[in-house]
Amino acid sequence: DTSEIQEFRIGILGGENAQDRLNNNECLRQKTEDLLGVETKLFAPADYNGVIQGLLGGTIDMAWLGASGYAKTYLSDPAAVEPILVKVNNDGGYGYYSVGFARKDSGITSLDDMQGKTFGFGDPNSTSGFLIPSIEIPEATGATMTSGDYFGEVKFTGGHEQTIVAVANGDVDAGVSWADGLGEWEDGFNSGALRRAVDAGLVDMNDLVQIWQSKPIPEGPVVLRTELPEDVKLKMTGLMASLKSMDAECFYGVAAGEAKGFMPITHDAYEVIIEARKLKSN
Amino acid sequence: MTTFDTTVPPTLRKLDMERLFIRKRALSLALPLLVLAYLAYVFVAFDVVGLAERMNPKNARTLVADSYSYKTHVTRDNRSGAVSVAVEGERKGAYPDGQSPEWVTLPDTSSQVTIIDLEDGYEVRFGPETITFDIPGYGTIRATPSRSAGVQAEFPVGDLPDWINASKNRLAVTTDAGRLTVTRNRAEVFRYFAGWELFFFTLDSPYHGMGIGELMTRAATGEAGAIFHDVWTNKMWRHQDVAWAIFETLLMAFLGTMGAGLIALPLAFAATRNFMPLRAVRFATRRVFDFVRGVDSLIWTVVLARAFGPGPLTGALAILVTDTGTFGKIFSEALENVDQKQIEGVASTGAKPAQRYRFGVIPQITPVLLSQLLYFLESNTRSATIIGAITGGGIGLLLTQAIITQKDWEEVAYYIVLIIFMVMLMDWLSGWLRRRLIKGEPGRKARRQGAAMLLP
Amino acid sequence: MLRIDKLTKRFGDKIAVDTATLDIDKPCMIGIIGRSGAGKSTLLRMINRLGDASEGRILFEGRDVTQLRGKEKRAWQSDCAMIFQQFNLVPRMDVVSNVLHGTLNRRSTLATLFNLYPMDDIHRAIDILDRLGIAEHAAKRAEALSGGQQQRVAIARALMQDPAIILADEPIASLDPMNAQTVMEALRRIHEEDGRTVIANLHTLDTARRYCDRVVGMRDGRIVFDGLPEQLTTGVAREIYGAGDDFSEAATSTEIETLNRTKPRRQPAVAV
Amino acid sequence: MLRIDKLTKRFGDKIAVDTATLDIDKPCMIGIIGRSGAGKSTLLRMINRLGDASEGRILFEGRDVTQLRGKEKRAWQSDCAMIFQQFNLVPRMDVVSNVLHGTLNRRSTLATLFNLYPMDDIHRAIDILDRLGIAEHAAKRAEALSGGQQQRVAIARALMQDPAIILADEPIASLDPMNAQTVMEALRRIHEEDGRTVIANLHTLDTARRYCDRVVGMRDGRIVFDGLPEQLTTGVAREIYGAGDDFSEAATSTEIETLNRTKPRRQPAVAV
Amino acid sequence: MTHATVSARSVADIQADYQALIQRKRLYGGVILAVFVAMMAAGFRIADDRNAGSFWNGITHVFDYPSEVLSEAVEKLSLLSAHVVQFFPALIETLNIAAAATLIGAIFGTVLSLLATRGLARWPALIPVFRRLLDIFRAIPEIVIALVLIFLLGGGPVPAMIAIAIHTAGALGKLFSEVNENASLKPVEGLASVGAGWAQRMVLGVFPQVGPNYVSYALLRFEINIRASAILGFVGAGGIGYELRNAMSWGQGRYDEAAAIFLLLFFTIVLVDQLSGLLRDRLTHGAKQ
């Protein structure tokens, strides 16, 4: 019974303007409140870690994590959360890509040109902004990501947006961010951080070139705190799964763009990412 | 002049002074040189030259221009041919279907062309196939997007000026009157206007575009609530959320500072030589103060976020923990400086220990206590802004997110102005309270000595 | 009434008061004289129990005061008021509150912590202030008063305690002659009108002679003289002060009459 | 040489100096007397251009000094040294540096900021200090000196300026009689030996009479007397000081002889 | 005891007046206390309510995070020294940011404070302007300037340095101008009388008086700025804060790094704090003599 919980707290990952995130998810909050009959709140911490800590500490009940973020939660406390759903794209897949890019006028066109240059990651807990490229790029270059080994310097810019600006400013010579891999380069793809930057007039894709692309990365799961009462979990799973059919506009906001909907997923889908993450720890 | 003669002859004395002055010169030259040398080292270590090269004047222009202006997007979806107009290109700033500002003429039954008048002779036309841009003094640019062939652009004869950026799939033209981007999928015009558009009412509000006079009349006739509601829930500027954010920031500062003061006061006694005879306790208390102070509120925020989750309480607790250390140190220093005479005077009447503290000690340290509390209240308003940016919430989170996502510089400007006002207001308030509460305060001199050295 | 019996006080090696013995059988006004470091303050502080005696006893009406602890010790302190050279008031509190501190021992701790004194006490405090001629300053902060006025506030606090004995440790040493006279006269009047015993440490011979019924001389911690003011000859004074033949009473005088004889000179401004 | 022409200074409503006119045609030593608030300091400060005149002119060798601005004003100040009652030295700096400040106007700003004074200047500073009998203190901090010595450092600084005029605003008011005499003698000697004009505000009649060639009396901002010391009768003094018949010169005297007649009294400790 | 200043008011009047006064005081005191308690209680409730976790649930878990970090750090104790060496350059960068910012801020603060002090100002009419300028410098949190500058200049130490320097100039400027106000004007006037220029009056007349206080405040500011510089690292300004955030953010698996960085930073702060405390003590002590 829901009488066990007094409120329901939804965490939203960083990356977009906090207020926009809250606005986009307001309809979900309303629906949850109606469904569960308890006060529902949205929390939008500044970075990925904020939401993850909330899930671990039991102060956040539901969130849509990235794959690496989920892996971190799982590794810290396997019993803390359970994945329930994943966003499925219009084409039926649930992947996206990490895309490496540089300024066109830098003359860099591929990773080969990056020797001795500065390379930028985003958030350490990002799958596309750090985890996957930090594994796949060494495979391509045959060297580690340690500063001075192949790249002159490797830094974290803090997030997808910061990476794009850092590349555009010449602060780093190349960086990685995420994209759905659909649509045109000059538009910054159909969705993703590059597209947002283009829409905001921050960068002109004519000035950038793609230098690398990862294999598909599994979209992160929507997770619920394990300790939630069963019926709350059921209700919330149902709500999220039927969100698109119930309210397409709300779904657009929650899923940050067009997609087919939220489909069930299990922990197994992320074993690879978890292994990858373990590899990156000391 | 009957001073006794000394045996030292003047020449010797002059030699002495010469030596003294050579030393003084060396000293007074050495210090500035040292500073200069250090700054030069830092200049090199921080690669200031490289930085100056990398500095992006375009960003500076964007930032400055954006902070006092907004842009209206006119967008054509090249696949469907649909044209939409939106302030800042955001959904919440979108003109309802079929409506547009007067400088945009939407296609209708008679013509298939969207005419965008950028004034001064600049004009963009979205035709059914081709997009044209008339630029006075340059000519007309024609661009035809197609899925197969990219964007085919024709320019007036001559070299391409640097404000045109054209490639196979994309054309971007930037002029003072406005900006045009054409890709295979979309054609988009940005036109800039000064001011913070939709600051009070969004387009969907019935009060949008109304003059002050009319608003006043309406407010007077019972619509004040509705008007306020429309401003308060403005989707574009979100005044309600901003007000809450400011309040949360102040709340963090207030709870944290006052809570720290309340906790630190009794603990401070345990850290003083004159009130705590046990050396070990004294030592331990002081180290605890040093520790919580040394860790800094920001790290406490991260640590406490696990237990308390994101939100203002976590921020307040982080401030509380750090400042307990700071206040503990300040208060214990103040306590060590108390005048023993007053305590003795009270004790000589047969007062009980609690009374001795109350009348012998507390009146002496209240000025230090209050003025430090109020100083920190102001400085913690600033800390709360930063803490909020990490997990807490409040105006700091709004600000950092707005900056990091680099979209709405006018919002950034708005938040910055609000923050500055908020801090200056707290500064003024704490100064006012200090003057009111600590009447006859012994003045700056006392504040400067001893404990008061820890001003933020 | 008050018997001090072989009272001794040591600070490490230093003997500040050395087997002092004194017997006071009826209320009187006693002046203790002696040069700086003679042990006068230490003696009074032991009587008030601000400092513990190393040896010896203080008996008040047969009860050994030196043995009191906690509540009883505080009750004794409230019975035996102390006035200090530097007034030892709480400067930031108003005059009446300072006087009311004299009742702290009798009133409930909690109430006093919140400054809640009975109205009767407040009225009595103002009556006492009036008696000392400073009622008009009742609402001022103590620090706003002149030295002489502050000392009278301290006396008022002492009177508020309604004590059997008033100890005064150089009550006029920080005061100018005019104020010194007012304060000494107040103490004398209190002794005469209320019949309280007053024991005052005094720096100067003539003050002691003028106001006291009995004079005690201390030197190096020992009581070397105990008698009537008239018995205090220049020879005796020389012995108390350990001075040579050049000793002149005027040097220790603060009496106005003495002073008026010399013309005050313009004080030079202090060089910065 | 120096002509002060209808010089007036207003502070708001208050007229501090009222159409003062004075003509000095040859180097001499002038004493200005008058009671407190008469406008003596204000007058000197206007001459040195530390304060601007409200009306009137100061002409030095035909040039209007009141109109000077910036560099020229500072050049004039360097030509017309000023000595203050409170010495106005930099207390934490050594004596020689203080004296060298007299050259600030002539030397480059940057050099002086880094203590780069020419060695010649340093030598000259010590010569001047020697002449004033305080060369032995050359390396001490100014604040470590006694008042009289500090004032002589101030005079040394003035001499270092090599000025045509020395203004002295109550140079001995902060000094004890012994030091006052030394300082006044130094000023007199400078006037006599170097032929510099010295204008000194003085508090006391006898000092003015004793050291000055000419005495100017001010009252309420106006110059009410201008004549030889001998003309300064008690009647005139009464008028200047606006005093009644009980006016006695001794009251303003700082001469040692006068003072020795009264015995200094022990100063009472300051009440805390 | 015939006192010359006995006023016409009777004791009864004085008692009545005082009674009224004390009642007013009790009322005010009670109201202020009640308001304060109410504000604290209401504030706590609102904060608790708007927080994700509640205070009473969280208080039992306060040590969860530290123990997680500690246990991993202890487990990988052998790596600690290597980490310390690895992150030492970042610490130096943080210290450099703080030191350079303090220096630059102090220089600007000094000039601004002189310009904003009555009696010393070069242009007395502009005093209010410089005072407001100081207020504004002080009011802008470092993070605001830093983030904007990171946008303009890219990440790295310089934006942080400039941001901290601006705030430092404001904060020190205000403190310095308070010191200046207490400085004696006599030496300044003395120098003015010899025809010294403004710079000479300030450097030779004012600095010797205010020097020790200035240095003392600047040292204090340096302590504060080390923290500020570490914090700005958190938002992308480089230095030890950047390393700490990355390690803490990654979480389990790199908590040993986080612990090492934390220790490095903590001991530096304590060390500088103690050293500057000693130095300041000596300075103010020396100044008193």
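A, B, C, D and E label the chains in the order they appear, each numbered from 1.
Rule of thumb we're sticking to: a residue touches a chain if its C-beta (ideal position, glycine included) is under 8 Å from a C-beta of that chain, and two chains touch if they have at least 3 such contacts.
These figures come from a predicted structure and were not determined experimentally.
With contact taken as defined at the outset, subunit A and subunit E are each touched by B. Simply put, of B-E and D-E, more C-beta pairs touch at B-E. Subunit C and subunit D carry the same sequence, and matching their CA atoms takes a turn of 170 degrees, rounded to a multiple of 5.
A simple rule picks the central chain: find each chain's mean C-alpha point, then take the one closest to the mean of all protein C-alpha atoms, which gives E. Annotation: 50 Å between the Cα-based centres of subunit C and subunit D. Rounded to a whole number, the gap between the C-alpha centres of subunit C and subunit E is 47 angstrom.
A separation of 81 Å divides the Cα centre of subunit A from that of subunit D. Rounded to a whole number, the gap between the C-alpha centres of subunit B and subunit D is 55 angstrom. In subunit A, the residues that touch at least two other chains are 9, 11, 43, 47, 53-54, 57, 59-60, 158, 162, 165, 169-171.
Counting partner chains per residue, subunit E has residues 50-53, 58, 61, 64-65, 151, 154, 156, 184, 186, 235, 248 touching two or more of them. Counting only residues that touch two or more partner chains, subunit C has 86, 272. On the subunit B side of its complex with subunit D, the touching residues are 1-3, 6, 8, 10, 13-14, 16-18, 20-21, 24-25, 27-29, 32. For subunit E in complex with subunit B, the touching residues are 36, 39-40, 43-44, 46-48, 50-55, 58-62, 64-66, 93, 96, 99-100, 103-104, 135-136, 138-144, 147-148, 151-154, 156-158, 161, 171, 175, 178-179, 181-182, 213, 216-217, 220, 224, 227, 230-231, 234-235, 244, 248, 262, 266, 269-270, 273, 280, 284. Listing the residues of subunit D that touch subunit B in their complex gives 94, 96-97, 113-117, 119, 122-123, 125-127, 130, 132-136, 138-139, 182, 185-186, 189. Remark: subunit C residues 48, 50, 73-79, 81-82, 84, 86-93, 101-102, 104-105, 109, 112-113, 141, 143-144, 154, 157, 161 touch subunit B in the complex.
Contacts from subunit B toward subunit C in the complex involve residues 341-342, 344-352, 354-355, 358-360, 363-364, 366-367, 440.
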